[in-house]
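Shared chain: chain A. Partners: chain B in the first complex, chain C in the second.
This part shows the complex of A and B:
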């Protein structure tokens, strides 16, 4: 995957958190995930990608970050249902925003939310996930991009 | 006062729009989590203004816009979506939407977009 493509998703992460009152997001150096060991924290919002690019984009975060993020955007209800909703919405926003550069052909699904660390994530064959670490306040989350190489 | 309906599959986003809309110009009459539900609420409550997500299960936003415009060509639809490519924006406008607000958005963004959408009614 090209640096330019990874940068599109980094820009999406920064843009998302810059629209919260606490804009103090820091993006770490992207790295290639170990094969067969998907990175996953407490909750993961996964977006399927089809079209010329096939695979998925996902946002994974600890519950505490999601609770803090809800409060930060003015949502007082930090119920489990809203945490599930939010983790999917963040993933959807970052993937959707990528279409400014990747075009309408970068087709995305509605989010699927996975709780806990799955034993396996069915990621595209012949590809590995690029993980973009995110530090927001004192919490760590990540966006992962796993697309088949064209 | 304009009757407002919010359509988005995210409860967090519906709630954010509800909290954000501070103008006395709008009265919330319905919320829907997908296109099919939106059609049902639209027929029952006859909103003047609709905020519309695009990526939703059970009828997406583009299909929903088409149907709402058929039911009432004068309805003012503001698309609120993360889909940032120009082609999608143009398609939504061609189907009858009157404005497009990109997610993520702030409270100020959604207020400004809704006021701009309805300003001509108050000239």
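This part shows the complex of A and C:
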């Protein structure tokens, strides 16, 4: 998993936040998750990846961040359904960015939104996932990249 | 027959033709016979008329006789006699010899001579009676109608007399003729009925033959067709390849194997184009190459074997969404072969096999080969290193790197926080590097050095952000993976040598790697060093303590060679022995505390140099430094940003060695004491608390 590829996913999230009125998004120091133990916050938008790299990439965020984000983009309805949509949308942006940068070879599935911890089924067992904290306002979300090492 | 494709229908065609021929024959016979019967009917009628005429002649004669006084009636009777006689005579002759007579309507009728036998006999007998009668009547008629003519009356009387005598015989004979003719007609009619019955029976038999024999045949061939259809279906259901036919326009045929639907996760394949089947699954370039390739196959002049190599789809990777919307990667192999029917290429048969398993297997094999190559490299590294200390190294290193990961994991937003992380990580990676170097694990040492370089770059970055740490995290992952591999390899080695691993108590570990490390470093720096150890093997040490002692010694040796010990030349100039000595002494105090003393006979700590360096690196101001005691200045060597070496190299120079020692001792709750004299050397005394002394309890 090259640094460039990881950067593309980080850029996808940053790009999403940069389209919101409050652009004060900061990337935290990336770290490694324990093998087979996914890091997850309240809600997770997950995209499956196949092709030369296999595994998944997900965006995970606490509810409070998502609610605040909805309000900041002018959506007063912070119902669960809207939160789900929002997480899905962020995941979609990441996927779109990756597809644009990595081309057709990088096959990405439709985002799935999960509450809580994603099933370990989606995670490659023999490699550590990269977790990149995304700081927005006083909250912290994260992008996790779990791709099998070739 | 074959040419028109009616071979298998020949029998049925012959049968139908026979049926028609039979019908036609019956019809013709019927036609002929009915014509004859109609002739016979005329003859019967005429024969009947002869009976009537014989009586009418007699009647006319008698009428003439009774009309002696009525000339008109007499004349009428004579006229009628004349007509009747002529008609009778003509008809009799026609019956006898064949000839023309007139029918009831006055039309001429051709009669055939009556058949010999009854009819002819009757005719001959009648003729014999008739001849004299006719002559008599003719003589009468020649006399005119005058009754006064005596000849007339005489002739009349003759004729009446003859007629009266013979008229009943004549009637009987004519009746006989009629009956004979009727019999003949009846016989013909019954023959006709028989022919018709036979013909129709044959026709019906023929029909039944067609019905049963050929229907049976048809049913049999239908059953064969059904069976082969079913077999084809079974083959298409079961075959492990996707099979389908392509026509010249690259349209897929109506039949294809079930596997095809499974490979492409779609059902609507029949009649679609080949292009639409692979649309968005393969690149446009591959698609157009494949199209040209298949079109070439339809050209009879092109040799199929020769162009086989050009098939662009013999191992193609596709990514296809399955029923759950998840993408699957598949490797497919397409084979195309011509289908030749009666000398022309009618279709191209495409065979698609899912070769994902084979491809993955060969990739796995490749990976395994590569992995084993890198494992061999790693193995040779491990073999060259001090084997006993490897497990400890791996354990310590994983611990250090996990600590680094935990530091990275801590939330940080500001520049100061980021910088703090850089410094903390520095100390840990430097410790790792030292250990790797001491064990001669050059690949690990190099990775650590690369890591330090990247940290260096981060340390000088004024706009440091979290994102800048990404390369560090990637490298961290790389080192961890190498360590994982080394760990697995060591486990396997341990199993191989069947030596029970003793991770808790490492009895009398081998400390010769200190000398190796020293020799290695000293040689690079033009120095000579002798390591003298004592007490290290006097106690059974718990693994953790042994590891701490080992790491401390390594850092002290590195530090002493890099900073304290002079080159051989310098030592000789100073009247010192060219070979310097580092004394390592380990003992347990009465209090149960552990004491490690590392003493070198080098240049000692140059406090003035420390002072200058500290000012240079902004650690203290000049004024502050002037107020500092010797002890305080010496304490600065444990600060992470101070190094008295001017350039960093593989051995030292980033000023982290003493920081590593400080952190290690701090972690164990120990104390450090430093004593130094210029040109005489330095002595570091470490006291570690008894709490770590598990060995005493174990012993």
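Here, the second predicted complex is superposed on the first by the 144 of 150 C-alpha atoms of A that agree within 3 Å, B and C clash if a C-alpha of one lies under 4 Å from a C-alpha of the other, contacts with A are read in each partner's own complex, and residues count from 1 in each chain.
The definition used in the following text is that a residue touches a chain if its C-beta (ideal position, glycine included) is under 8 Å from a C-beta of that chain, and two chains touch if they have at least 3 such contacts.
In this text the structure is predicted, and so the values were computed from the model without any measurement.
Room for both chain B and chain C is found when the two structures are superposed via chain A, with no clash between them. In the superposed model, A:100 lies in contact with chain B only, and not with chain C. The superposed model places chain B and chain C at 70 degrees from each other around the C-alpha centre of chain A, with the value given to the nearest 10. Using the contact criterion defined above for the overlaid structures, shared-chain residue A:108 touches chain B and also reaches chain C.
Using the contact criterion defined above for the overlaid structures, shared-chain residue A:130 touches chain C, although it does not reach chain B.
Of the two partner chains, chain B is the only one touched by A:88; chain C is not. In the superposition on chain A, contact of A:3 is made with chain C only, not with chain B. Applying the stated contact rule after C-alpha superposition, one finds that A:50 touches chain C and leaves chain B untouched.
When the two complexes are overlaid on their common chain A, residue A:24 makes contact with neither chain B nor chain C.
Shared-chain residue A:77: touches chain B; no touch with chain C. With chain A used as the common frame, the shortest Cα distance separating chain B from chain C works out to 7 Å.
Comparing the two complexes, residues 104, 108, 110 of chain A contact chain B in one case and chain C in the other. Put simply, chain A touches chain C in their complex at residues 1-3, 6-7, 10, 26-32, 48-51, 54, 104, 107-110, 127-128, 130-133, 135, 140, 149-150.
Put simply, chain B touches chain A in their complex at residues 9-13, 15-16, 19, 55-57, 81-85, 87-88, 102-107. Against chain A, in their complex, chain C makes its touches with residues 283, 319, 321, 325-329, 367, 405-406, 408-409, 411-413, 418, 421, 465-467, 469-471, 473-474, 476-477, 480-481. Residue ranges of chain A in contact with chain B, taken from their complex: 15-16, 19-20, 70, 73-75, 77, 81-82, 85-86, 88-89, 92-100, 102-104, 106, 108, 110.
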